[in-house]
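So, here's a batch of structures to check.
Next come two complexes built around subunit A: one with subunit B, the other with subunit C.
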Partner chain A sequence: MSTLPLDPLLLAIATPLAVAVAILLGLPKRHSIKLAYVGFAVPALVGLWCWANFPADLGAKYAFFSRYSTGLDGLGITLALGLNGVALPMFVLAGLVGFAAGVYAIQSNAERLKIYLMLLLVMQAGLMGVFASVDVFFFYFFHELALIPTFIMVGVWGGRDRGYAAMKMTIYLTAGAMLSLLGLIAIYVKSGGGGQTFDLIMLREALAADPIGVATQKHIFGLLLFGFGILVSLWPFHTWAPLGYGAAPSSAAMLHAGVLKKFGLYGLIQIALPLLPEGAKDWARVLAWLSLGNVLVVGFIAIAQRDLKQMLGYSSVMHMGYAFLGLACFSVLGVGGVVLLMVAHGLSVALLFLLATSIQQRTHTLDLTEMGGLAQKAPVLAAFFVAATFASIGLPGLANFWGELTIFVALWHFSPGFAAAAVAGVVISAVYGLRSVAAVFFGPPTEALQKVAATHPPGDLTWREKIPALVLLAALLFVGFWPQSLSRPLQSTLTASFRMLDAPRLAAGR
Partner chain B sequence: MPIDFLQQAAESNEWLAITPELMLGLTALLLLVLELVLPKSRHGLIPAVAIVVQLVIAAGLALNFNTAFLRPDTVFNGLLRLSTDGQFLRLFFLACSILVCLLGTVSLAKQRMPRVEFYHLVLVITAAMMLLAQANHFVLLFVALETVTVGFYILVSYFRESPLSLEAGLKYLVMGALSSALLLFGIVLLYGVAGNRALPAGSADSMNFDQLRAFLAANPHNFLASVGIVLVLAGVAFKIGAVPFQIWIPDVYQGAPTPVTAFLAVASKAAGFAVLLVLAQRAFAPYQALVAPALAVMAGATILFGNLAALTQHNVKRLIGLSGVSHAGYLMIGVIAAYREPLAVGALWFYLTAYLLASFAVFGVMTHLAGRNDADQELDHYANLAREQPFLAAVLAIGLGSLAGIPPLAGFMGKVLIFVAAFKAGHYPLLAVAITGVVISIYYYFGWIKAAFFPVGSQPAPAAAGTGAAAPIGPWFRVALVALAAGSVLLGFYPGAFGQWVLAH
Partner chain C sequence: MTPVQQALLVLLLPLASAAIIALFLRRAGALAAVVSVAACAGLAAVALMLVFGGARNFPASWEWLRLGDFSLSIGIKFDDLAALMLAIVAVVGLCVHVFSLGYMHDDGAKARFFGGLSIFMFSMLGIVFADNLFMIFIFWELVGFSSYLLINHYHERQSAADAAKKAFIVNRVGDFGFLLGIVMCYWLNGTVNLTTLAEHHVFSSAVPLLLFCGAVGKSAQLPLQVWLPDAMEGPTPVSALIHAATMVAAGIYMLCRIEPLMTPSALTVIMWTGTATALYAALCAITQRDIKKVLAYSTLSQLGYMVAAFGLGSLTVRHEVGGAAPEMAVAAGVGAAMFHLTTHAFFKALMFLGSGSVIYGCHHEQDIFKMGGLKSKMPLTFATFTIGVLAIIGMPYVAAGFFSKDAILHLAMEKNTAVFALLAFTAVLTSFYMVRLWILVFLGAPRSDEASHAHEGGLSMTLPLVLLAVLSVVGGYTAIYGHVFDGVWSLIPHAEGVSVLIVSLAVMTAGAGTAFVVYRPAGFDALEQKAPGLFGALVALKESFDLVYNYYVKKIQQRFAMLLNFLEQIGLAGLVIRGGSGLVGLLGLGARALHVGNLHAYVYWFLLGAALLWAYAAGVF
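Let's turn to the complex of A and B:
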């Protein structure tokens, strides 16, 4: 692939960044919007192109690999870009959700739209960078690049309690990021005598030949687990998430809940598990119990929510519990399920946040008890929302089903008790999911709603809302009906470079 | 003293080696002459002359960055030691001085004060700092340090109509005198004990760092030497504002004119660290068992104190002063790590550079926004800044983000380098403290950004009256701010040649 005239991965990162800089330098609004479409479309197209051209049997190698120097070679830091079977699904996800969020933002007519788009573009560039990075330093770096705009967007364009929400998110996520940075530096420092490096490929080779001592591995994995865990809203460090998503403007919530939050899980999969297998085994039980907190405790909290966006926030925290459970299984099957679930959840939660904002614009409230009967006025919106809710619950035919099913199977090998508890979570998510559908779309409209409807008659989804929603739903269906398109490259990578994940032995040991 | 000794000593004088310092001194005098010669209407040229001359000196230094070391590394009979670190610090102080002069033009325009002396003093102090960073002898170190400090006594109380400025000047004077006395007492003790010919390796020239080091190496557990070292370190700790010698910082930073605060916060602190590094790594190197733990305790306390005390501040000058205390703590980690990890020295220089860019970006915005009363700069004055002055708000956000250590800004790279060095050197407890400090610092840095950016609802903006928010931004000032912000961004993800130089240590 090195014969390409243009590095596609670099293109996917640089295009949104370049558009953002152009907007910052004072491009007029009309051109800014046109260019913003380009900035959001290019990463999505590159993502799809990479997916279509992805080599079938990649093994432990990286596709579309390239390396650039930034002046820190002496420290073992280079900008190395590439995709393996784990990175590809996430890269595609980032492209698609970014495109949907961008298009939705353009039609949202937010105040100071130019700055808003600029921040989203920076975030998009960061997201593409996170999943394309093979260098641990730049992996972290791009994450922060994407994270900073989130804080600003929540603080400036957010809804209720935006100041408090932005502050809380910032402090929690900085704490998580600093812990994980410390863990990453620890891996770097321990990665062998002379040639310390941040390059993931070299790190894997070096640590496979000369693993870190078991006690040290446990410490470093602890740092990474809680650092990344806070970023992924691991219970009990999840409280920033519903608050932040409740206050965030829709596009920021789509990108953060849909894609950026997966950074932590992705880091655990790509970095922590293969480099620190002993540490991971040691922490598996703790992780599994905490994940149950996500699934059960947060699940019940989600049922109790009256605010639609808060409910979605809690539901997204809850589903992260499944992902953590999949990691705790410590098997190829479990990790594969986590990657599939990350993609599916990213698509579905982004779609739900998008639709929630569209609902809010029609009902002028997010309170579930004050809505009702919207299906008659907006049948297409209702159809989308029902589909997205079904996806989120994990019905077959939609992408989430495969992720959850795989994780449950893997979990059964790990511990049947945990599997049973996790399956109970599906019931919980069905309860709050279906309840919200019923509250918003069916039954008689409340008096308050009728008053609002009298002055602002609610229309159905406009085309500019439908396009991003369609993109996301189409992807959900595509993966739902053809999961092999993602699972084949995934399996090739996992079986080749995650040999240390030896599930039966581990289960027997428990 | 016999005349032939003086002749011998004079042979090692390399006046060419200190051309930059000499030129600065001469320019300082030239400014005073220009004030006499030029008609009053042309006095605006004087700061321009100061800045242009410094730019020329900086360019000359940069071009001769490596060529100055063709000769032996100590000159002036061991008073000065030439090194690439010294070259870097010279450029660093020149950059500070240029920026302070630029800020001075903005700040002094708001006051009815004599102008020229300000630039004169800045140049003299800069020359002294440049010598200080290259000192290899306690005599030169003390003389240079006193030149710096005495200059600052005047600069801190420069706004003589403001009681707060005068109070700050007095506080700085008292505290500065105390620290000088401690330093001097320590030097005398070391001189006395190391000059004792009865002890092994006792030397006639015991203030020379190399001789002192040889003496200390030969006498590993000398009590008087230990006391002297501790006293010297205490004197230096005053300059960098390390706990427990930080107590002067908030008041002095608040009262001093904003450009002087910037000068104190960046250049004076960097000078302190240059001295600390030379002392810790060269002169006092044999007493590592004493120095390293003392510095480690101070570093931890400094980080925590600076960040916790900054949390509750509403005056931005006090806030940035206290946040600067915490930065001193992070830098001290670098000094400690340098014992075991050569990377730490490069990390220190990178951190200081990032700190310079970010701090001057923030101080630039503060100087522009300051009203007639320079000490009165509250967080509330920044309300709606993003709406009224988006350019300044953007520069402020980049500066504060870099100080907070948020990628992709230079401050982040600085912290990463320091942390990596500390990790390699195995200072895990200090790292834990540092991480805690970073998380705490997010609260107040972000609070400041929040004050500037987030809409304040219906509350009327108290900013309009008495601040410089409405004043136009001068073209050169704008160029400087853009350069500082761009530098902060660029160094963060593409350190390029500078990164390679730093890592080559």
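Let's turn to the complex of A and C:
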């Protein structure tokens, strides 16, 4: 199947890592930048190539599969790389957002740009690795590889409150990672039977034949749920997110909010649901109630924000509530919807953070009450921001709609009451989304803004800002108009290898 | 071309136009206008070929998404109902596009405007063609988006920005119910395909009522009517196309689409909602000073008429076929509502474009008390607008509105006397405020510099007026359409005898007569002077909804949000987390005592840990 001479997945992981190492070894700045373009472009291109060449009927198998010995084979640890229908969308997402974040970082001309780019490249390599890993050990390892640069970038290149934000993020995310590590080790220990392994394929087979006891499943799932949940900002463990994203430099925020944050949801889908189905069913109600906290409580909090990036941070937390609700449905439709939503949300939130920084550079503030009328000076920026906002509030034609719609449909089968509460969130997100758009771009400019504009006349988006924005918007539109491009691989994998998920039955058939 | 190809061409032409404008013609406004108008002309031509070609119910459906057992399709249901709606959208759309060439000639953001019109046409046609509820919902949201874009056209004005936001959010409130209704319908029936549902569905009042919420938002029925008057901030051609003739009528079209799902109790709710809206909006229209606001409230009122007509439901009629006269139920509500939708689309688009012509002629003056005397300054606008007025007040046999309004009144008379009385009273009010508008704008002497220098617009603006005026006259005679819409026209209830005719003549004369008595062409509101109490009450009635909603948004919603934010900052992030971190800090102090900086001590700790781990793994505890 693979016509590349190299293993494409390894290539996507190794290229940014190699570039990072080269920069670290003292490559001059000019060459570093050129090489960094390569480091960001290769994963994106590999992602798109994998998408285009993805086999139609994969079933329970993995595409582009390969296995490398690590010397720890005796412990059941091998570097197994491959993509199934759940991993593919995330892999493509990581490639695209990484490319956009990288290009945006290069044009940002940050201080100590080389180190900044190096950290981003390491993060990028980690992200590609997370979604390409079929081995739980490396899945976790790559996550840590991507996570640590985030803390450094927030702490060093961050904005207001960066010290506190970096510390809070580190504590929360490390705690989440530790809890989930505990859960993963517990699975490793309890999988027993024919020799312990971290290989997900073997784990699935072993546990399908000899499942973990129901009581133990519940404990382990609880660990994973809260561990991964903290990483995805499950209410009430979300307060790190708005603060962290508010302070993070834009490229780090794009990569973390857009991609890395989804690690927790991805882990729940790929590992926890198939290996611990009884545990998942047991926790579904609790999860659903907490998710409503994300959707309704955090949704209202987003309305109260005055700071644009804080608002985006809260809105991102809110949308994670939909994803958790989709998981709680425990059906192919719900889980498929979660993956669609993860991709869509990743693209749209990355675009929003990118544009928010571009806005900040023009208004010299993020305070929504001190802006206004920017559309007159920067119509293209306004158009992009309007499009990204409408994507995030679920307008059809943009990817997010499909994720939300499928989750809502699945949710009705879980519980009509929860479905109604979740759909109410659609109104809330319209309120804060459109309010921020209007505050930034429409109406007459405020006095504060006019003063800034007098000394620094704001221009429209430059091409170097436009290119990453266009990549993200094009992807949103492509999936928005052509949802099958993602739902087909999802359907194939979910129906074949996620048999424990309910097939929702129609009432009419009863 | 096969009918399917024709339909796809109709749907995709405006999308292509929007894409081309967005990608390449952002700075080339003149070219963008040409592209958009050409696309609209092309789609109108193909659409009329499709409508009058007679092809109906051809199969066309494509699966768009499948996950688990859930599948969502994009498909076309093209029956007489869709054909009628398509013809209306295409013809009125073309008129408005051409009119915009003149009206928006000097606008600085023409490309954005015409791009928006094209997106709107695409979205609206999607609703028309849709063969299932999910597809309706998709395009339903898209028309809301295009409406947002176009209301927001003069975005540097705070009022326009606010109006656009309000329109979208209020519509979202309606869509909340709509989407839940669709999802419920899916789980109840296993399908949302309109044809399949018509054949077989589970009896439930919740589904039609939830779906009706969507129509309440989009067609601006009580209590979600507040966005439509504000939406007049958009350019006048937009008001004509979107906020009078087509998009706001989509709610009624959608109701007619789901008519088989209706239950008696759902119909009753719909009937009263429509009747209340019709009456309320007509009362509001009386006090308005802005020419577009009068027309906006009038649109609300007429939409209420249509919704009420739909809610009145089916009628039992005798069909005399070869001596036997079996009784059968006919969906008369659908017939009456769609008939009125058709004539209203023509005469209301005509009046809005006429008001656009007036506003353009008076250099963007919109206050009717500052107009006057335009009869001689703008004769063509005067003549066509007069036809519009005659149509809406229901001048017998002269103009289209008479027939459709009669059908509704007749149906109401048969079904529900209270509704009939209220609708008849609404008709009095309609005739009153329309004649008031007509007197103040066109008669007497000009009352401002703008009005005295008024002039007729170019050919691109007068031609659509003439075309719509012709349609407003002949559009009520269903015979002129041939037999292509018989599926809808056969449902129209026809009054026998003259009782309804007498009633409509009486209400029209009463309203118009009162207006002639009360109003002279003058620079002040005569009603306000003659009956200040009544006038004040009407103003208060109009403002009551906005007051309540503003109170909710500012005082309840915002404060609730601030409260939650406060709790989060202080309670969660402050006390729990900081308190927690303080606790951890104490533990850390204790732990630090263990870190004595002695390598040997660390080795012992390490060995102790390893031993514990081993003991655990070995199952000691």
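One rule holds for everything that comes next: the second predicted complex is superposed on the first by the 497 of 510 C-alpha atoms of A that agree within 3 Å, B and C clash if a C-alpha of one lies under 4 Å from a C-alpha of the other, contacts with A are read in each partner's own complex, and residues count from 1 in each chain.
Just so it is clear, contacts are C-beta pairs under 8 Å (C-beta built on N, C-alpha and C of every residue); 3 or more make two chains touch, one makes a residue touch a chain.
Model, not experiment: these values are computed from the prediction.
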Q | Partner chain in contact with A:453 - subunit B first, subunit C second, else both or neither | A | neither
Q) Counting only touches as set out at the top, which of subunit B and subunit C does A:182 meet: first, second, both, neither? A) first
Q. When the two structures are overlaid on chain A, which partner does A:11 contact: first (subunit B), second (subunit C), both, or neither?
A. neither
Q. So, does A:163 touch the first partner subunit B, the second partner subunit C, both, or neither?
A. first
Q: Report for A:171: first if it touches subunit B alone, second if subunit C alone, otherwise both or neither.
A: both
Q) Looking at the overlay, what does A:467 touch: subunit B (first), subunit C (second), both, or neither? A) neither
Q) After lining up the shared chain so the two structures overlap, which partner does A:48 touch, if you call subunit B first and subunit C second: first, second, both or neither? A) neither
Q: Please tell me which partner, subunit B or subunit C, touches more residues of subunit A.
A: C
(Q) Does any part of subunit A touch subunit B in one structure and subunit C in the other, and if so which residues? (A) 171, 189
Q: Flag every residue of subunit B that touches subunit A in the complex, lowest number first.
A: 343, 401, 406-408, 412, 416-417, 419-420, 423-424, 431, 435, 438-439, 442-443, 446-447, 450, 453-455, 493-500, 503-504
Q. Residues of subunit A touching subunit C in their complex?
A. 168, 171, 189, 236, 239, 243, 297, 300-301, 303-305, 331-333, 336-337, 373, 375-376, 379-380, 390, 395-397, 401-402, 405-406, 408-410, 412-413, 416, 419-420, 423-424, 426-427, 430-431, 434-435, 438, 441-444, 483-484, 487-488, 490-491, 494-495, 501, 503-504, 506-509
Q. Which residues of subunit C touch subunit A in their complex?
A. 26, 63-70, 72, 112, 134, 137-139, 141-142, 145, 148, 152, 155-158, 160-162, 164-165, 168-169, 172-173, 175-176, 179-180, 183-184, 186-190, 202, 557-558, 560-562, 564-565, 568, 572-573, 577, 581, 617
**Q.** Residue ranges of subunit A in contact with subunit B within the complex
**A.** 70-75, 137, 140-141, 144-145, 148, 151-152, 155-156, 162-163, 166-167, 170-171, 174-175, 178-179, 181-182, 185-186, 188-189
